[in-house]
Every structure is written in structure tokens, then in C-alpha cells.
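Sharing a structure, written as C-alpha cells. Questions coming.
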Amino acid sequence: MKLILIFISASLINNFVLTYFLGICPFLGVSNKTEDALNMGLATTFVMTLTAAVTWPIYTYILVKFNVPFLSYVAFIIAIAALVQFVEMYIRKSSPTIYRAMGIYLPLITTNCAVLGLALFMVLREYNYIESIIFGFATGVGFTLAMLMMSGIREELEFADVPEVFQGVSITLIIAGMMALAFMGFAGLIRG
Amino acid sequence: MANNTLWHEFKKGLWQDIPPFRLVLGTCPTLAVTNSVINGIAMGMATLFVLLCANITVSAIRKIVPGQVRIAAYVVLIALYVTVADMFLAAMFPPISKALGPYVPLIVVNCIILARAEGFAQKNPIMPSVMDALGIGIGFTLSLAVMGLIREIFGFGSILDIKILGDWFEPWIVMILPAGAFFVFGFLVALVNYLSIKQKGKKTETVCH
Amino acid sequence: MERNDLKSMEDKTIDKLQEKPAQEKQIERLVVSSSPHFLRDENIHKIMHTVVLALLPAMAASVYFFGLRAAGLILVSVVSCLLTEYAVQKLREKPVTMWDGSAIITGILLALTLPPGFPYYAAALGSAFAIGIGKQLFGGLGYNIFNPALLGRAFLMATYPVLTTTWSEPLTKGVKAGVDAVSAATPLALMKFEGKMTSHLDMLFGNVAGSMGETSAIAILIGGLYLRYRGYINWKLPLGYLGSMAVFGGIFWLINPTKYPDPLFHILAGGAMLGAWFMVTDMVTSPVTPLGQWLFVICGGLLAVIIRLFGGLPEGVMYSILLMNAFVPLLDKHTRPKFFGEEM
Amino acid sequence: MNNVVTKMLLVLTVIGAVSGGILAGVFHVADPLIQANREKELKEAIFVVLPEAKDYKLLEKEVDKAKVIAYKGIDAEGKPVGLAFIADGGGFQGNIRVMVGLNIDYLKLKGIKVLEQNETPGLGNRIKETVFEGQFKNLEIKPKVEYIKYRKPEKPNQITAITGATISSDAVVKNINNAVEKVLKNFPQEEVLK
Amino acid sequence: MSLKTFDHGIHPSYNKELTNHKKIEKANLPKKVVIPLQQHIGAPCKPLVKKGDAVAEGQKIGEASAFVTSPVHSSISGKVKDIEKLPYPGGGKVLSVIIEGDGTAKEWGNGGIGLDLESLTSETLRNIIKEMGIVGMGGAAFPTHVKLSPPKEKKIDAFILNGCECEPYLTSDHRIMVEEPENVVWGMKALMKAAGVENGFIGIEENKSDAIEALEKVTRGSNIKVMSLETKYPQGAEKMLIKAVVGRKVPVGKLPMDVGVVVNNVGTAVAVYGAVKYSKPLIERVVTISGNGVKEPKNLLVRIGTSFEDVLNQCGGITKHGEREVLNGGPMMGIAQTTLDVPVIKGTSGITVLAGKEIKPSTYQPCIRCGSCVEVCPVNLMPYKLGDLGRLYRLDELKAWGGLVCIECGCCSYTCPSKRPLLHWIRVGKIKVREKEKV
Amino acid sequence: MTGNIVIISMVSMGGIGAALSLFLAYADKKLKVEEDPRIEALLNILPNTNCGGCGRAGCRVFAEALIQGTASVTGCVAGGQDIADSIAKYLGVESVKADRVVAVVLCRGGEKETVKNAVYKGERTCVAANLTGGEKACTYSCLGYADCVEACKFDAMTMNDNGLPVVFYDACVGCWACARACPRDIIEMHPMERKLFNYCRNKDKGAVARKICKVSCIACGLCVKDCAVEGGIEMIDNLAVVNYEKCPQDDQPTKRCPTTCILFGEEEKMTKDAYYSSLPKKAV
């Protein structure tokens, strides 16, 4: 039950993009085509799940154990950077098709604050290992969902008559605001 | 001449390349911590500090770092400075540290820093890098302050916690909510676009990454 | 560049040709255009004004139950919508289409979702947001992603949460108009926070506290059925939405009839009726494909019930529609009907 | 090739080690300050909810592998004046953490202080205001703390919910009830009085 | 009885009462005809005559060697005045033979050979149909013999005669069915024999009850079934008709013969009757002249090559004032003419003249996504989207969304409350797609 | 204690760093995939406008083709000689001199010169109008809805006040975009050196053409006769066609043309500045 709640909470109610403002850059940058958004979302979800799986042991068995939790930022970011780079190389080698679809997004994920944010929240909320992995996965799903919605809307907007100064980033942000308004409906849905 | 270019490196961050609006970098903190002026400024200063340190170090060691681990090395350095900034805030300004929450550690992945390190310091000697960091950092701080100002005025009717709008004003709570952050940011980007169009007859916009 | 010295016989002929009075030539010219050359006698103006007409019963009910202040609120928000539309279109140097009726609908619907005691200035602000940002920023009629009236209402909800959730009893319950709004609870709030149910009959006729237009289910139904009769709404949308609410609400009711309200309550309470007949059906912000429409209403109904029963807010209709609005482009894109003869 | 690997190895190791060192150094300086800040905050909160207390003592117990913590407030003479503990739970938006002061008679609250909350400014965050917090002074905890809406409290264990923020008010009340129950169970009066 | 039909479609005002009771009249013998050398889908013909040659009525004047083509014949006797590129009612200019008439006309019915259907093989029938220049008279003018010669592996088991005439205003097929049902059925039997099909169907919209009655009378007891179909546009479109009559769906990109069906128009059947029975080439056809812009709407039997102006003058001319639009065909599918100086061709089933307020406005509003266009599209497309994609030349997407599946029926544009020229945009997009594919 | 923490930190961070670099080095070696770096380099040289003038789907495809040797170094028309030289230098091949071609609009029948016989109702683009035949009686004429101008990515075209497109030869890079956009095939690419053009595509008989446009080619044959070289201008389908293989490029044939449709010299060739400065100044 708790796992399901974590999943719903992280993917919908406390959607990283719309309520914590994490991962806004790719949300703005890679959301003009549904296909791109989906690929970016999938790649991010993958990395996020892996990140949760890798950073939790690092934190628990190294940093806490040796009583140096203040090193966590550095350790996490190293782990993430290495993971992303490794995943990139691996995909490139093993499946050129997937690489062509996802490859260009992978480097972007290193500097996606949602991934580091995930690790930090995971520690802050004192999830256990399984919970952390679910949390990582759910966050990725939430991110993908937000990306997909935005990309669908932006594709539609290509036909719309948006005033010139608002085109691009500006209208995207305002739509994000509207989505945040709509997501307020979920407020208080799952407490605790 | 040299001074001139240095001045230029500094100046560009204030308008021409002003980070969140023009470069669309560092959007996350811009949205997250700007529900009041003070938070915006604090975040801006922390970022400025990290940016400065990172630019200096990167510029200094740029010749000895091999390409394969460049990003990794820079990220580690950035994380180092961020941790320092975080501890500093926690030790000296606990309320601000609390208000900014996890967004201080997230400076690590603030794209501005890596973008400047990669895009500028990596290619330039120390002095221009310092000026670049100062310019961009101050531009960023100013941007956050402006966002904070607007949101605080509408959201609380106050500036720097001093009530300036009378009791007749019913605060717009939306302004302090996520939605308000997006709206204000969106409109500021549009405003910058508008001014640019007026200035140059052309829109300049690049998206992070 | 005319070379007079080389003017020949041919030139003179041409000159003669050109001398023909323009008027005469104009008459001879045939119209050419691409087929079809024959169009249905239907236009936006007509559709929108019919919707306004269909909203009359609901407006009348709100005035009956909440007095002239209700009329005032409707007026304020309609005027604010029209002015905003005019201002933005003037500013953008686009043709002004404020009278096409859509802004009027937005104004009326927004007003109908507000509590009767809502301040005028705030209603004006919400309307300006609805039209200015919710609609014109996207390019005006037809381009908006979210339902402007609901967006305006959501904006007001987030801006003035207390004002938007301060209800008063209807006049018919013996409260005098104009008196400081006595805080009252809507049937949904009663259900949610105090576990009390309201009589179905009161809800049907509107003898309950709530937003001006949300109260009288029957007045809304009359308008909705009229629209259906005129063919401007697709029956799938309102019935699907209400049906979905009833089914999902009913499931919870069966699980625990003392804790959760019955399906009829779900349909009659709050904004379900107004939402289903006038907001889910907004063509601009609902899917166009049959499958998309089904998904839209089913998921919308489910979300509404979930928010109502488990969310922090008492009413979920508005949020459910707005949330589903955001999915409309995706739905339309991925539920394309099979072409005639595709994949046989 | 090998040269590059060595170089990579060298650079990253050195950077890692150096930053580790620097961080440890900074930590060494900053940590006491940070701890002091935390301590101070905690102390202040305890003294707000247990006004007569001049000092406190940490009570700790391990129940079902989880720690239960309470602070025993002691007045100038070293006499216990009450228990302070943190009530934590979900509110409208995020967690609400409240420091609760329980009179040593175990019948009434001495006061509460909201430590952390993410509620909507102007609405839910009015639980921070003294008007709301003040209602808990001398509130009876038996059988349970309750809230009512719109009206003045009718019973000694009731408070009035904030209009428009029933959920936040409800959350505070629920959290307090849960925490009180836990404390009553784990730190019986006689044990504490000792 | 529930009427058979297809899904979607529209119910425009048919306006057929203008002419549906008017007997087919013989038009005056034209003094001059212009006979385009390509009146069909397929390869153009090469002229067989030169300037100054004398030609007889019915003489073949254009021939080409390809398979998908059809010869053309002189519709009057006289002298070839010239051969040049002249405006064509289908758009653009086509090499045409101008013939000045000598005022004589041939009587075809009398003294013809009157071939007996029984004695002919399908091979000979197809040859006759080809030689007599018979093409589809339902609009597209596809050479009929091609349709009748499917590749061996494709088994044809149903022949459908298209008597729907779903275009508003037009009544030529209707009048033919009412006035000469025997000839229609005779021609149809010839066509069936040529295609080697046993089962025949005649699909007619139920608003033409007199035609249904007449044909039922003639076909009683035969293997031909008259089917009454719902009155709905575009009931007459091949794919829709096949769906309504035999319940088969022609797959995207396939032809009727792929589902074992051949469809022909009633006009075609009558032309085949003339061709087989009297060796009369396709040199005249019934044309409905209608619309609020003509004084006296009529059904006329017109020689191919007669100018529109000549034909319209026989109907009292067209309105002189205000906006007028002259269409080759009906208002849904017809092609607007820039000049009246174009000839009636084999595919001209009607000349519709719209005037005044019947002419559509030239402005349009934004799409309000009402979905009407999606609801009416008979091939299940999303026209509002296709329109935008075509307008913006987003060709790959246009293809992906089925732009090339569009049968250009125009239902979408017709129904759009915002008056958006959806089909026009789709056409533009299709042109661009084809251009691109050629590169 | 303190020293301890410092040491632990240094060791663990150094260790993580070392482990990471080793890991990456290993991965780098094991998983390396070769990609031709020349593509990037070439892309840096190319204009990256993706105009399609090279006849390919975009600059990247062209770059790939260059490397495979299936494209000529002068293939990028938008880039001109400079870029061709740079590419040649980068690829280490001999540079070839590219012929500079520009677009020429072969119709002078604008609003003033032509007769209109219809009123067009519909989308104001040439492709759309061409579907219905357009307004002008001449079915070979410029439709005047500026598809070509829209298509030009180099700002090298505009519509003049007579409803005809003007090409600025100084800005035109000869990318073919306008020619492809024109549904009536009025625009052709010609080397800069060519000066003699018949600015008409009408194939109607003279008598017809004469009636519908003041400046149409009426196939009178005077230019054919006046051409100094036999076959320098040929009459094909009622239209005088300059044969550039033989044409001596002088103004002889234009002298007697009754409709001025055949012209010689720069008259019809505009530079951007010249055009805009020739416009009447609008009162601000």
C-alpha cells in the first residue's frame, strides 16, 4: 500500500515538474514534439530508477556508515554523471536504434536537476531501498507524463495564433502554470 | 582595450545574455525560490558564489583535464562549492537555509553553472572568466530579485516583508503558488522578448542544453 | 520602360481592350473557387448565441435563488470578458470579434461557478484572466487548450481561496439578500467534512448553498437538452461524463454506503450538471474523435469522483475537466479513427 | 591511450581527494555552528510550549525498531513541568510538524508551536498564527482533541477550525491526537515523574 | 425496410425539384464544336485529322495507343477548322479539335445494326466499348473498358450500376432512368457480360422513387437487383456505394476490383447501349443545367463539344448581375469555370450556375474544433487537421494523417460552421505531396 | 577525530573519483563506437539553413553525401564559392568554380498589363489559386500570390506594386526554392551572364495572347528573324524560346518586339538596395 501511495504521490500529486520545479529545462527544451518528449521521458525514467538504485546504497553504506553525509552532493553527482555516461555508451553499443532515438537526450540528463533532486528527496524522506526505487521510477513516470502533456499541447499550438512575443518559452511557461493550476485539484489527495 | 573586453564580458550577463530570461538557463531555482525578494537574492548570491569559484577553477585547470572526464571533473568541483555554500548558509543564516531547502544543493545541476564552465571558462583565461561569472551571476541574482519582487507584492502585498499595500488589498495567493511562478516567469520572458524586438527588431532566444 | 517608337498595331488593339470601363468588366467576371461551392447554413455566431440562450434557465434560477446580486455578478463578468476581448484584439491589431458570443458564454459560465457573495472586482479579475490569458493569449477563439471559464475559476480559486469557498444559503431558505454572507456549507462540503447528506430533491431544484449556477440541476438540464435538440452538443459528452461519475461514485457507494454518497448525489451535487452540459461540451477544449471523447469523459468522471471523495478540495468537477483538457491534444492525436478500408 | 587513462585517473582522484579534504575542513568549522542552530531552535520551541521550563531532558525509547522521542521540561528547581514532543503528519500540501507541550498532569496541553508547514499562505498557514496556536493552551486531551467549524468551542476539548482551511486544522488536530496517544503509551506519567 | 447506406456523410439541400420532372430535351445542333483530345483519365489522344479535313458525325478523330485511354469522335459533321490548345472544363488547356458544322445530323437509332447481345463475346463487347470511346460518365471519365478488363487473378462477382446521383441539383441520371429504363438495363447487361459478372445491382437513392419503380419493373425476374439507398451525400461515391450495396470496404489504396466489384454510372450504361446496339460512339450526353443563376433549368441531350455558353443560352442564359459561378458538374464536386468558352465533355453531367447568396463567402473563421468535419467524413479522416497540415505544407504529417485517402467529396468544407476551406487546403497539400514524391 | 574525518573524506572521495575514472576508461575502451567526425566539421562549414538547394533533405544529409563522395563540393548553392572552397579545402580536393545562377521570373503580366476574367475566392496562395485557374485570363501567367517569395529563405524576393515578384540578384543564391514553389513554372534558374530573356511563357496563339495581356509573347517571329545567329531563338509552341547554346547575347532581337516581352540587359535585374531605394518614401 505504501508503495502504491508513493507511486501515485510522486507521479501525480507531487509531480516534480509542476510542483517542485525540477527538470524545467528539459521540460521547456525538449517538449515540442511528442516523440522527442516520450524518448526523453523514457530515458530520464530509466536513469532515475537506476540513480535511486545506486545512490541509496552509496548513501547508506558509505556516507552514513563512515559518518560523512556532508559528502552526499558530491557523491551523488558523481554517481549520476557516471551512470548517465555509462548508459549512453552501453546503449550506443548494444542498440544503435535506441541510441538514435534516445542518445541525444542522455547527456542532458546529467544536468537535469530532477535526477539529483530525486536523490536528495529520497534521503530526506528516509525511504528504504525498495521505496527509493519505486520513488525514482514514479518520479520518472510523472516527469514523462508532464512532458507528454506539454508536447501534445505544443504540437497543437503550432497551428495557433500565439502573439509573437509569447511564442516559444514564454507560452510554454504559461501553459505550465495552467497545468499547475489544474494539478492543484490533486492537493490533499494523499496525506502523509 | 583589454579592459573594454572585460567590461563587455561583465555587461553581457546583465541584459544581452541575462540567464533565466534570455538564455533560459537555471529555470528551476528561478521558479522555485522566488516567492519573496529575500529568497531570490539569497539564491542568487549562492549561485553567484558557486559560479565564480567554478569559473575560476575551471579556467585554471582547463589545460590539464582530459576530455573524457571533463564534465565529471567539473561537476565534482561544482558540487564541492555548492556543499560549501550550503553549509555556510546553514551555519550563518538558518532561516534562509530552511526556506531555500533542497534548492541549494540543486545548484550543482543548475545548468547556468555547467554551461558557463563548459561554454566560457573552458575556453578563456581567468580574468574574463571572473568577469563572466560576475556578470552572469549578478544578472541571475537581479532576475530572481525581480521575480521575487513581483510575486511578493502580489502574493503578500509586501516588499522584503514590509507591507506596502494597504488592508484593502486582498493578496493574490496564486502568486506564491507554483502556478503563479510559471505565469510571472512566462510574462517576464515575453517582456524581455518584446524589449529585444523593439531594440533590434529581432527575437533572440536559446534554450538550455 | 514603354518603348513608344515600337508601338505597333497590336499595341493599339490591346489599348482598346484596356479602355473598356472597369465596371463592365467587373460584371462579366465569373467567380472561381475550389469545390465544394455550397456550404451549410451554420456559423459560429449562431452556435454561440444558442448556447447563451440555453444558459438562460440557469441564470434565471440563480437570480431566483440568490437575488439581484447574482444578476450583478453575471453582468460584471460578461462585461469584463467582452472588454478584455476587445482590448486584446485591439492591442494585437486583429479584427475585433467580441460579439461572436463566445466571450459572453465564458462570462456567464464563469459567473455561474462563483459563490453569490463573490466580490465584483474579483469576478472582473477572473474574467479578465479567463479571456486575456486563457483564450486570447493562444490566439483567440478556437486555439485555447483549457476551458477559459474554468481556467478563470481555477485562477480565482488559487488567488482568493477563502472568497471562492465562502457560500451562502439561498434566499429561499429565509436569508435576506445583501446581508453579510452567512457561511453555509455546500452539499459536497457537508458530505465531505461533516458526513451529512442533502436531500436529492433540494439539489434537483437548487434549494441548496453553492455556486450560483451549480445549484439548480433542473434549470441546467433544460438548457442542456435544448442544446442537444439543436444539435450543438454531442450526447456522448454530457451523458458519458455524468455516467462515469455515477458508475465510479456508485462503486464506492456499494463498498461503503454510509461513508460515500450514492450515484444520484454525485450527479446532482456541485458542478456536475453545469460541467457536464456546458463545459465538458465546449468544442474547443474537448476531443473530436469518438474514442477520444469516450476516454475524455470516462477519465474526467473518474477524476472528479476521486477528487471529491479523497482530495483536499470538496469539488472535483472543475479540476477534472481542466486536467483532461490538457490531455486533449494527445487524445486527439492517438485516437485517430481508422480510415475507411484501413487494415482490412 | 594508457597515458590518457593515467591522466584521467590522476585528475579525478586528485580532484576527488582534494574536494573531500576541503569539505571535511569546512564541515569541521561549520558543523558545530549548524548543530548549535538546531539545538537553539529546538530549545526555543520547547520553551514556547512549556513556558515554565528552564531546561529539558531527552527521553528516548525504541519501539518496533522506531525511535520515540520526547523532551521532559524541567523548571528552575529541576521539577518536571511537562512533556514536549513533535507531532508530525500530512497536511493540505505537505507535512506539518508541530511541537506539542503536555502538562505534567497528563490531562491538558500547555501549548503548541508549528515548526514546519507547507500550507497555503493566507489559508492553511494561519495555523502558525497565535490565534490558532493559542487555542491549544489548556486544552483537554480527554477523550480526544476535536475541532468544530464556524462556531465557538462548546467543550473544553474543542477548538475552532480556521475558515477555509478545515483540512489544515483537521490535520493539526489529528497529528496531535496521534502523538499524544503515542506519548501516553510509551512514557507513562509515573515513569516521567521519577 | 431500413435503407442501406454507409457511415457518416451529409444531407445537403438537394434542390433537385428544379429539374427532376423536366423531360430530357434535345439540344440544338451546335454550329461549332470544340472536342478536347483528352476527356478521360489516362493517355491523351493524337489527332487523326488535320486542319481543313472534312469529318462525319461519329468519325473517330483522336486515337492513342496506350491501354488506359479512350478515343474521341466528332460529334457533328463538318470541317476541321483548327487544332489548338483551348480551355478545358476540367481546368487548364487541352489540345482540341475545332469543327465547324455543316448543319446536318445523323439519325443513330434508325437503321443501326442493332447487334444482339447474346451473340457477342465479352471480348468483342469490350472492344466495342473501347472503340466507341466510352468512358465513365459519373464524373471521373475513367475509360470503361479498362474497368471491365481486370487482371485474371481478380475475380469480379458483382456489378453495381450507380444511379445515386447524390450531387445536389443534378438530375440527368434520374431522368435517364425514368425515361429509358429499358435502355439502361440493356446497357447494364452488356456491361455485365463484358465484365463476366452474374450479379447486378442498381443502387438508387430513395428520393428517386419513380426511377426505382421504373427500373424494378424492367428488371423483375432477372439477376439484377434494384437497391433503394438512403438519400445522403456522397452515396454515389464508388467506395460508399460498394459499402452500401454489397457491404464490402475497398481497402485504402485499392480499387473496387480488388473486392470483386465493378461500378458504372447509368449514363455509361446508356452510352454502352447506344454503342453496342447502334455502333454509336459517345458523342452526346445528357446534361442537367440548373442552379439559381439560370433562367430555365433543363435537362438537355447535348453534343460533346458544344460550348457552355451555347448550352446556357438554350436555357435562357445566366443571371447578368452580381456574382455568378459556373460549374462543370454539381456544387459539391464541380469545377468552377473562368470562362463560358469551354466545351461540354464526356464527363459533364451538369452545368450548375450559382449566383448571389448561394455563392459561398470568401472569409473563414478559426476552427472551433466542433468535430463536425470529423463526423461527416465518409472515409473517417480528421479534415480539420488535414486542412491545417495542407495549408502549412506539412506534407509528411499530411500523409500520415491520411491526406491521400481523402476522396475529395467536400463534406468537410460543406459542414464546417467556420466556413473553413478544408478540402481546398487538402488538395493543395496533396499536390505538394505528389510534387515532392516526384522529386 | 578531525584528522580522521578529513582522511576518510579524502580517501573516499579520491577513491570514488579513481573508481569512476577507471570505470569510464574501461567502458570507453569496451564500448567505443566510431562516428565520422568529419560530418560535424562539415556542418560547421555549411550554412545550416537546410534550404534544400543542394537537392537533399538538409545540410546534414549533404554533408554525409560529401563524405561518401556522392555530392559535388559546389553542391551547396546557398553557400556559394566561399563555402565550396572551404569544403574542398577540408576534404582535400580540388575546388571547382561554381557557376552562379540566379532566379529569373519569366512573366511581366502584372496587375496593369493583364486582363482578368474571374474573381477568385479562396486561399491566397498560388498553389491554391492555380487549382481553380486563378483570376487572370492568361493561364500561363504569374498568379501573384507570392508563393515564391514565401519560399525564398534568403530574402531575395519581394512582390512589387504591380503584383509581380522581383528577384534581387545580389541576394539570390540560386537555391531553386522559388522555382519549385511556383505552380506555373514561371521561375527559372539562369547563370548570371545571361542577359536575354523572353519574359513570357504564354503558349496561346498570338491572337489569343494579344487579347489577354499587354506584354505577352504573340509569336510574331520578329525576334527569331532578328537574331544574329540562326536558331539563337526558336519558336516553339507559339513561344519564342532563347537557345542559350547558340544565342550570341545581344539586344538585337529585342528591338522590334511589339510587346516588349523579350528584353536584354540588366533592366529586369534588381539589387536589393536599388529596389528599396526606388520605392516612393512612405510618410511616417
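So that you can tell them apart, the chains are marked A, B, C, D, E and F in the order they are listed, and the count of residues begins at 1 in each.
Assume contacts are C-beta pairs under 8 Å (C-beta built on N, C-alpha and C of every residue); 3 or more make two chains touch, one makes a residue touch a chain.
This is a predicted model, so every value here is computed, not measured.
Engineer: With chain centres defined as mean CA positions, report which chain is farthest from chain A.
Structural biologist: E
Engineer: Between A-B and B-D, flag the pair that has more C-beta pairs in contact.
Structural biologist: Between A-B and B-D, the larger count of C-beta pairs in contact belongs to A-B.
Engineer: Need the CA-centroid distance for the pair chain D / chain E, whole Å please.
Structural biologist: From the centre of chain D to the centre of chain E is 85 Å.
Engineer: If you average the Cα atoms of chain C and of chain D to get two centres, how far apart are those centres in Å?
Structural biologist: 46
Engineer: Counting only Cα atoms for the centres, state how far chain C is from chain E in Å.
Structural biologist: Inter-chain centre distance comes to 45 Å.
Engineer: Could you put a whole-Å number on the gap between the CA centroids of chain A and chain D?
Structural biologist: Distance between chain centres: 31 Å.
Engineer: Which chain D residues reach two or more other chains?
Structural biologist: Within chain D, the residues that touch at least two other chains are 4, 8, 11-12, 15-16, 19-20, 23-24, 27, 31, 92, 120, 122-123, 167.
Engineer: Indicate the residues of chain C shared as contacts by at least two other chains.
Structural biologist: 30-34, 133, 139-140, 143, 155, 158, 161, 312
Engineer: Please list all residues of chain A that touch 2 or more other chains.
Structural biologist: 68, 70-71, 74, 78, 81-82, 85, 159, 161, 166, 171, 174, 178, 181, 184, 187-188, 190-191
Engineer: Going by the contact rule at the top, pick out the chain A residues touching chain C in the complex.
Structural biologist: Interface residues on the chain A side: 34, 148-149, 152-153, 155-157, 159-163, 166, 171, 174-175, 178-179, 181-191.
Engineer: Quick check on the complex: what are the chain D residues that touch chain F?
Structural biologist: 1, 4-5, 8-9, 11-21, 23-25, 27-28
Engineer: Would you pull the chain D residues touching chain C in the complex into a rising list?
Structural biologist: Against chain C, chain D makes touches at 92, 120, 122-123, 149-150, 163-164, 166-167.
Engineer: Chain F touches which residues of chain E in the complex?
Structural biologist: Per the touch definition, chain E meets chain F at residues 84-85, 87, 91-93, 323, 335-339, 359-362, 391, 421, 424-425, 427-428, 431-432, 435, 439.
Engineer: Can you list the residues on chain E that touch chain C in the complex?
Structural biologist: 10, 12, 168, 239, 243, 249-252, 254, 320-321, 323-327, 331-340, 352, 354, 358-362, 365-371, 374, 378-382, 384-385, 401-402, 405, 408, 410, 413-419, 421, 423-424, 427
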